[in-house]
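Two complexes come next, and they have one chain in common, chain A, joined by chain B in the first and chain C in the second.
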Partner chain A sequence: MRQLVILAVVFAFIAAAPAIITSEFTQNVIIMVLYAALLGQAWNILGGYGGQFSFGHAAYFGTGAYTVAVLQVQLGVNPWIGLVIGALFSMAVAAFIGFATFRYGLRGSYFALVTLAFAEVLRILSNSVGFTGAGVGILIPLAPGAANMQFETKTGFFFLIWVLTLSSFLVVWWIGHSRFGASLAAVRDNEDAARALGVNAFRVKMGAIMLSGLFSGLAGIFYAQYFLYLDPYIAYGPAISVESLLVPIIGGMGTLFGPLLGAAALHVVSEATRELIGDVPGISLALYGALLVVMVMFMPRGLAGLLARLGVRRRAASGEMPRA
Partner chain B sequence: MPDLAIIVPSLLNGLTTGALYALIALGLTLIYGVLHIINFAHGALLMVGLYAVWFLNTRLGIDPYVALLIVPPAMFVLGYGLQRGIIGRASHGRDENILLVTLGLSIVIENLALYFFRSDTRIVDTPYSFETVEFLGAFLPLPKVIAFFGALISAAALWLVMSKTDLGRAIRAIARERKGAQLVGINADHVYAMSFGLGIACLGVAACLLLPSYYVTPSVGHGFVLIAFTIVVLGGMGSFVGALIGGLIIGVVEALGGLFLGESLGQIGIFVIFILVLMFRPQGLLGHKV
Partner chain C sequence: MLEIRGICKSFGGVRASRDVTLTVPEGHITSLIGPNGSGKTTLFAQITGFLKPDAGSVHFLGEDITGMAPEAIARRGMVRTFQIVQPFTGQTVRENIAVGAHLHRASRADALARAEEVAHRVGLGDRLDLDAASLTVAGRKRLEVARALATDPKLILFDEVLAGLNPSEIRDVIPVIRDIRQSGITIFMIEHVMQAVMSLSEYSWVLNQGEVIAEGTPAEIVTDEKVIEAYLGKGMAKRIAERQGIHA
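Now for the complex of A and B:
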């Protein structure tokens, strides 16, 4: 319950931001942090809570993004309807990949490899077929208006991503307090033991990958509407897969607030490097990689773990018992 | 349906490429067999080797085949250092961490290369680049023929190291039974790093053999890395002969797939094999149960 109160306070606080901050630049920063938090929370469901490390979350992101874009450009479908269809498609792709891998008990290195390969297959396919615009990419025509999910002000986009991100956090809060979440954690910590206790590991992992794919797809849909342009490399390329896992790893895998902390930290760091070094090709991704190595080496529990440790120390100092 | 006059050269071409794939995959399977992790930085490290060969050739005028004396040992040292200094330390005893660290390393290496070398395609110019050899009515580029035999000889040399030397025995002992090997006095950290170094040295050899008939860009490793994974999975993780056969098969599939489906869709064939094998026979053609 305490977590839910903190969650409500944090998101209410964020919701007040556009009323106070009128600078478009700062509003954009907040939007991008929320977007990264959504992307990271999606990975966190499967990777952090489920212990299945996906290296190819771009598969779901790209499917959501391409669905909403292709439906609009080729068939004239309204993006709000596209959002629903895109989310379902992302979930379906996740279900397919999950079925194909979990059915045969692939874990660890194997799972990481297969997810990476699926994302690559989708990238090559979207680069080869006509209706995605192939290598040229796809441009969503400008049609300002809330009805077309192309808000005229940043505030509109802000509330869209605020709702999407909040919903992912609520689902993760539910995971942390439900029987499903307990089963998922059991599978993560020791799959064989969980099975012996009667947990249907396959079904639990399928649930996790589908939820994960759903939110990744929503992030992709938001991306498509916000930037109005996609190409195979943006949608299915490795950058999205890496960002998806980096955010919760920095913030703290398997924690509710980890992805938000991670998204904010990642944004601060990458903006700071851009200020210091300038916009040089390669540098920002090199930094992502270096951060990944450094976090795993020195802070495997992420920022949330660091905060928890500080909290424990403070409570211990005041004579209160630390809570498990 | 293209006739034999097109299929045979394509097949031979596939075999020569396949031998190089096999060499790259051997490095990967060696590392997997011992450390039980997939080195996601494999492609990026191959790219480092290729740039080293390119640099030696264009700046110091050293022939790529002479560079065989310099690049593989340097790559060995690099691999040893990476394992000892970064990968081994970051594991905290969990395989997932090693996966993440090698992924992180690959991103760092690739993007630093992008920063330093830009995304321009670089090639080396050798007097024999355009020489050909006639075989079964097909004209094969000389560098590809040299690469084919070079890769097979290197594979044989690696097999000798693994089966006849003390180092090879120590590596196999650690791979099979870590605690037991440590009890009889084998330094596990050292052996891990030696295995990683050997695996990366294979990439150094492959780079020297590859560059005369190929090119290098910062992202050149991408193409190879999934191919090498596919071969290793196809041949069975940690299986030596499997990697060799798998490499040749993939080389041929790629060449024929390219012939019948076109370059970009031809690659899909490899992924399809990869995913099918992982799903239905994750232990590979020759491997044991995972």
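Now for the complex of A and C:
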């Protein structure tokens, strides 16, 4: 319950931002942080809570993004309907990949490699078929208006991503307080022991990958509507997969607030480097790699783990007993 | 309650189970003993669905459960513990036990309440909020028992829950096991600690090299010639008998 209150306060606080901050630049930063938090939270469901490290979340992101774009451009389907269809398609792709991997008991690095391969296959496919615009990419025609999910101000996009991100956080809060979440964590920590206690590991992992794919797809849909342009490398390229996993690893895997902390930290760092070094090609990837190594080596529980530790120390200093 | 008919299992040239047939009656504590490597744990794995037997069948409550998944078997009321303890490390004792409690309880609050109740029953009541990784060996063994118990099983298979414990810890755990049996749960246990087998079990099956070589009450088993030879080597039964003759 305490977590839910904190969640409500944090998101209420964020919701007030566009009213206070008028700078388009800062509003854009907040939107991108929320978007990264959604992407990270999606990965966190499967990777953080389920212990299944996917290197190919671009598969779901790209499917969501391309679905909403192709439906608009080729068939003239309204993006709000496209959002629903895109989310379902992303979930279906996740179900397919989950079935193909979990059915045969792939774990650890094997699972990671196969998910990476699936994302690459989709990237190559989207590069070679016509209706996605192939290598040229696909441009969503500008048609400002909330009915077309193209808001005239940043505030509109802000509230769209705010709702999507909040919904992912609410789902993850529920996971932390449900039988499904308990089963998922049990499978993560010891699959055999979980099965011996009656946990259907396959079904639980399928549930996790489908939820994960759903939210990744929603992030993709938002991306498509915000930037109005996609190509195979943006939608299905490894950069999205890396960002998906980096955010929760930095913030704290398997924690509710980790992805938000990670998204904020990542943006602060990348904005700072852009200020200091400028737009050197590939610098952000090099930096991400370095960050990942540092986090895994020194702070495996991420920023959320660090905050928890500081909290315990402060309470201990003020004479209260830490909670075990 | 549990019937095993003609189970065979080979790993390459090693025949881990050779035509094993045995039964576990409802409401009692039955034990499975045998020297190291005699195929006890392999048999447990086949009963609970972790391994598929090459031949033969397993029947639980009249239903053929051969080849079913472990989770399907657990749902029918048969759970096992592991000889090498398998805690969910990083989770608290309470959360560990709640995983078992969730089997028949959808609500988180119900499962956590049940976990607390079970923890008190097995003597972990004071360690509910500790990380399972911080428990001692004895604590982890209790946790294995608690998780299994929390699933509300009809039959529990204990795989050496007393191994690795010191005599005073064994003395503490024996009443816990007896209490489980009193509450109406049937127990089938693999055990090396003879003190426990003698004081707890009502009927024993003895495996050697994958074969059932003897069955009977513990008192009968310990004087069985084949059993003594399986444990101590060929000819030992005779020598012990002779020596007892001299002393008598």
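We take it that the second predicted complex is superposed on the first by the 323 of 324 C-alpha atoms of A that agree within 3 Å, B and C clash if a C-alpha of one lies under 4 Å from a C-alpha of the other, contacts with A are read in each partner's own complex, and residues count from 1 in each chain.
Criterion: a residue touches a chain if its C-beta (ideal position, glycine included) is under 8 Å from a C-beta of that chain, and two chains touch if they have at least 3 such contacts.
Keep in mind that this is a model prediction, so the values were computed, not measured.
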| item | value |
| --- | --- |
| First (chain B), second (chain C), both or neither touched by A:Arg195 | second |
| Chain touching more of chain A, residue-wise (chain B, chain C) | B |
| Touching partner for A:Ala235 - first (chain B), second (chain C), both, neither | neither |
| Touched partner set for A:Ala186, first chain B, second chain C, both or neither | second |
| Which of chain B and chain C A:Val33 touches, first, second, both or neither | neither |
| Which of chain B and chain C A:Ala263 touches, first, second, both or neither | neither |
| Partner chain(s) touched by A:Ser178 [first = chain B, second = chain C, both, neither] | second |
| Interface residues of chain A shared between complexes with chain B and chain C | none |
| Partner chain C, residues of chain A touching it in the complex | 177-179, 182-183, 185-186, 189-190, 192-201, 323-324 |
| Residue ranges of chain B touching chain A (in the complex, touch as defined) | 32, 36-38, 40, 86, 89-90, 92, 95-97, 99-101, 103-115, 118-119, 218, 226, 229, 233, 264-265, 267-268, 271-272, 274-275, 278-280, 282, 290 |
| Chain A-facing residues of chain C, complex | 48, 50, 69-71, 74-75, 79-82, 86-92, 95, 98-100, 102-103, 105-108, 111, 129-131, 147-148, 151 |
| Parts of chain A lying in touch with chain B, wherever the complex brings them together | 51, 53, 55, 100-101, 103-104, 106, 108-110, 112-114, 116-118, 120-121, 124-125, 127-128, 242, 245, 249, 280-283, 285-286, 288-293, 296-297, 300 |
